[in-house]
Amino acid sequence: MLAVSELSFERYFERVFEPVSFELDAGSLLLITGSNGCGKTTLLRLLAGLLEPSEGEISKSEQPLYAGHFPAIKDDLSVQENIRFWMKFMGTRKSGQMTGLCEQVIEEIGLTPVALQEGRTLSAGQRKRCSLARLLFCDESLWLLDEPYSNLDPQGIAMLDQILKTHLNAGGACIMTTHGSLRPEGFDLQECHMISGRERYAGAAA
Amino acid sequence: MSRQSTGTAFVALLRRDFLLAYRRRAELLQPLVFLLVVVTLFPLGVGPSPSLLANIAPGVIWIAALLATVLSLDSLFRSDFEDGTLEQMVLSGQSLALIALARTVAHWLVAGLPIVLLSPLLAMWMNLPDEGLLILIESLAIGTPVLSLIGAIGGALTVSLKRGGQLLSLLVFPLYVPLLILATSAVSSAAVDLPYTGQLGLMLAGLIASLTLAPFATAAALKLSLS
Amino acid sequence: MNPIYLFFHKTGSPPWFYKYSGKLVPFLWAIFLVLAAYGLYLGLVVAPADYQQGESVRIMYLHVPSAWMSMMIYGLMAIMGFIALVWRIRIMEVLVISSAPVGAAFTAIALITGSLWGRPTWGTYWVWDARLTSELVLLFLYFGVILLYNAFDEPRKAARAASLMSIVGAINLPIIYFSVEWWNTLHQGSSMGSDGPGIHPSMLLPLLLMATATKFYYGANLLTRARLTLLKQDHRKRWVQDLLTEESH
C-alpha cells in the first residue's frame, strides 16, 4: 500500500530527519516515534503529498487521508455545519440523506450535545473529536494521523481505538505519530523510530 | 473511491464562504467604509472646486477601489490557512485552481460588488459628469473581478507570512497599473463624450485572461505557501 | 541515462556549478571591461554630439543599455524561475534570486540616467513619459520580488515564491509597458527622449558595444553572487568544508 525508501527532507539546507525506509501493507498499523522536533509531522506531510521529498522515494497506491495538527474547523460555524461542509466537499461513500448522515457521524464521535455550538466554543478535546470525524465518512484506505490521541479523554481514546480497529479489519492501513506515552493499546504494531538531523549531526561532531 | 464531483464541491465551497461572510458581516463593512473615507479625503485635500474634482474623479474613485480591495485581500486565504482547512482542501483531490476560483468569486461578491454598488455615491461626491456614471459602473463591474483575481495571487503568496498584508499591496499594485490606466481613461473619455468602447473591450479581454490564468497561479502559490 | 538529463543534473549540483562558474567569471569580467572601455571611449569621445541635444545625448550610452538589461533580466528571471519551480532545480532558484538585485540596479541606473538626461532636454528632472514610467513600475516589480524573497524564513521556499512572483510579473510586463505607452500618447502627444528617426552608425556602434558589455557584466555579477549564495547556504556541507581546507593549504 505504501513503500518508502531512504526518504528525507531538508529545511535550511539541513536534513530535518535522517532517512527512513519502511513498507506498509493492508491491515497494518505503523507507529512513528521520536523526540519532539525530530520531523514526525514533516514525514506525515511528505507522505500526504504536501511536501516534496529532498531525498528518497515514496510509492503509494492511492491518496491517503491526512488528519494533522490543525483540526480544520471554522470558529464561526457550528459543529454540524463544519462536518456537513466537509462531507459535501470531500464526498462520502455512504449513501443517504446528508442531514441524517451528518447526525450519525456526530453521534459516533460523541459530539451530539454540542452539535449546534460554534467551533470557537469547543474544548481542545472536542476539536480533536471533530477533526477525527473525517475518518468516519471518507473512504480512503490509508490514514495518516498526527498525534491523534492528544487532547482526548479516555472515552475519546476508546472511540478512536474502536474506529481504528474497524478500519484495519476492513483492510485499511494507518500510520500514526506519537511523541510519548500515548500509544495505541492492543494493536499489532510496526514501529519506526525517527532521528532528527540535529541529533545525528551532534552525534557525528562528538 | 468516491471523489465528489467538481460542481458539487465548488458549490459547497461557495455556500460555506457566504455563510462565513454572513457570520462576520460587520467585518465586511471595513473596506467599504475605508473606500468612502478615502474618497472623502480628496475634496478635503485638494479643495472642493467642482471642475477640479470632476477632472480627477475617475482616477480618485478607481484608486480608492484599488486600496479598498487590497485591504480585504489579506484575509482571503488566511483563516483557512491557519486552521488547517486549506491543507485539507489541497489534499482533497479537487482541482486547486477551482478552489482558488471559488474563493475569489466569493471575495468579489462580498468585497468587489459592493464597490460597484457604492460607485454612484462616490461619483456624486467627486462631481463626475452624468455621462461618465454609467461607464464608471461598467468599468468597476468589469474591473473589480480582475482586482480580486490578480489580488488572490498575491494573497496566496503572502498567506504564510505573518505580516503579509503590506507586502501584498506592494506586490499587486504594479500589476494593477494597466487596469487603472484603461479604466480611468474609459470613464474620462465617456465624461466628455469621447469614445470609450475600446478601453472597455480591452478590460473585458483582461477579465477573460485573468479568469483563465490567475486561478492557476493562485493554486501554485497556495501549494507553495503550504510547503 | 539520458545525457541531457545528466547534464542538467550535473549542472544542478552545487559543487560542480561552483567550480566551473569560478573558472568562467574572470573571463566574463575581462570581456566586460574591454567592451565597456572601448564602448565608452567611442561613445563619450569619438562619437558626434547630437544635432538637437548636444553633448547630453551621450548619457544614452548608459541609459539605453541599462533599460534593455532591466527588462531582459526580468524576463530571464521568469524563465529560470519557471525551470526552478517545475523541475525543482536548486541552482535555478539561486540564479533567480541572484539576478534580482542586478536587475533592480540596472533599472535604477536607467531611471537615474534617464532623469539626468531629461534635465537638459526637457528642463526638469522628471517627466511622466512612457519609458521612465515603465521603468519605474518595473523597479517596483523588482522590489516586490526582492521583498517577497526576504520575507520568508526558509531560503528554498523563499526562492520559489520569488520565482513565482517573477513569472507573474513577467507575464504582466508587456501589458504594463504597452498600457503605459498608450497612456502617455493619450496625455502628452508624442513623447520626448526617443532616439529620433534613425540612429547614426557612429552612435550605433558604441551603443551596441555597451549593450553587449552590460550582458557580460550581468553574467559575471550573477555568477559571483550565485557562488557566494551557495557557499553561505551550504556552509555546513562537506563540499564547502573541503574547499576551505583545500584553500588553507
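Here are some notes:
Letters are used for the chains, namely A, B and C, taken in the order the chains are written, and counting of residues starts over at 1 for each.
The criterion applied here is as follows: a contact is a pair of C-beta atoms (placed from the backbone, for glycine too) under 8 Å apart; a residue touches a chain by one contact, two chains touch by 3 or more.
Keep in mind that what you see is a predicted model, and the values were worked out from it rather than measured.
Separation of chain A from chain C in touch steps, taking the shortest path, is 1.
Of all the chains, the one whose CA centre sits at the greatest distance from that of chain C is A.
The chain occupying the central position, as judged from C-alpha centroids, is B. Once the centre of each chain is set as its mean CA position, chain A and chain C turn out to be 47 Å apart. Centroids built from CA atoms put chain B at 37 Å from chain A. Work out the mean CA point of chain B and of chain C, and you get 32 Å between them.
In chain B, 227 are the positions where the chain touches two or more neighbouring chains simultaneously.
Shown for chain A are the residues that touch two or more other chains, namely 52. Contacts with at least two other chains are made by no residue of chain C.
Here chain B touches chain C in the complex through residues 153, 157-158, 160-161, 163-164, 167, 170-171, 173-175, 177-178, 181-182, 185, 206, 213, 217, 220-221, 224-225, 227, going by the rule given at the top. Taken together, the chain A residues at the contact with chain B in this complex read 48-52, 62-63, 65-66, 68-77, 81, 85-86, 88-93, 131, 134, 139-140. Residues of chain A that touch chain C in their complex: 10-14, 52. Looking at the complex, you find that chain C touches chain B at residues 85, 137-138, 140-141, 143-144, 147-148, 151-152, 157, 160-161, 164-165, 167-169, 171-172, 175-176, 178-180, 182-183, 186. Across the complex, chain B meets chain A through its residues 1-5, 8-9, 12-13, 15-16, 19-20, 23-24, 79, 82-85, 87-94, 226-227.
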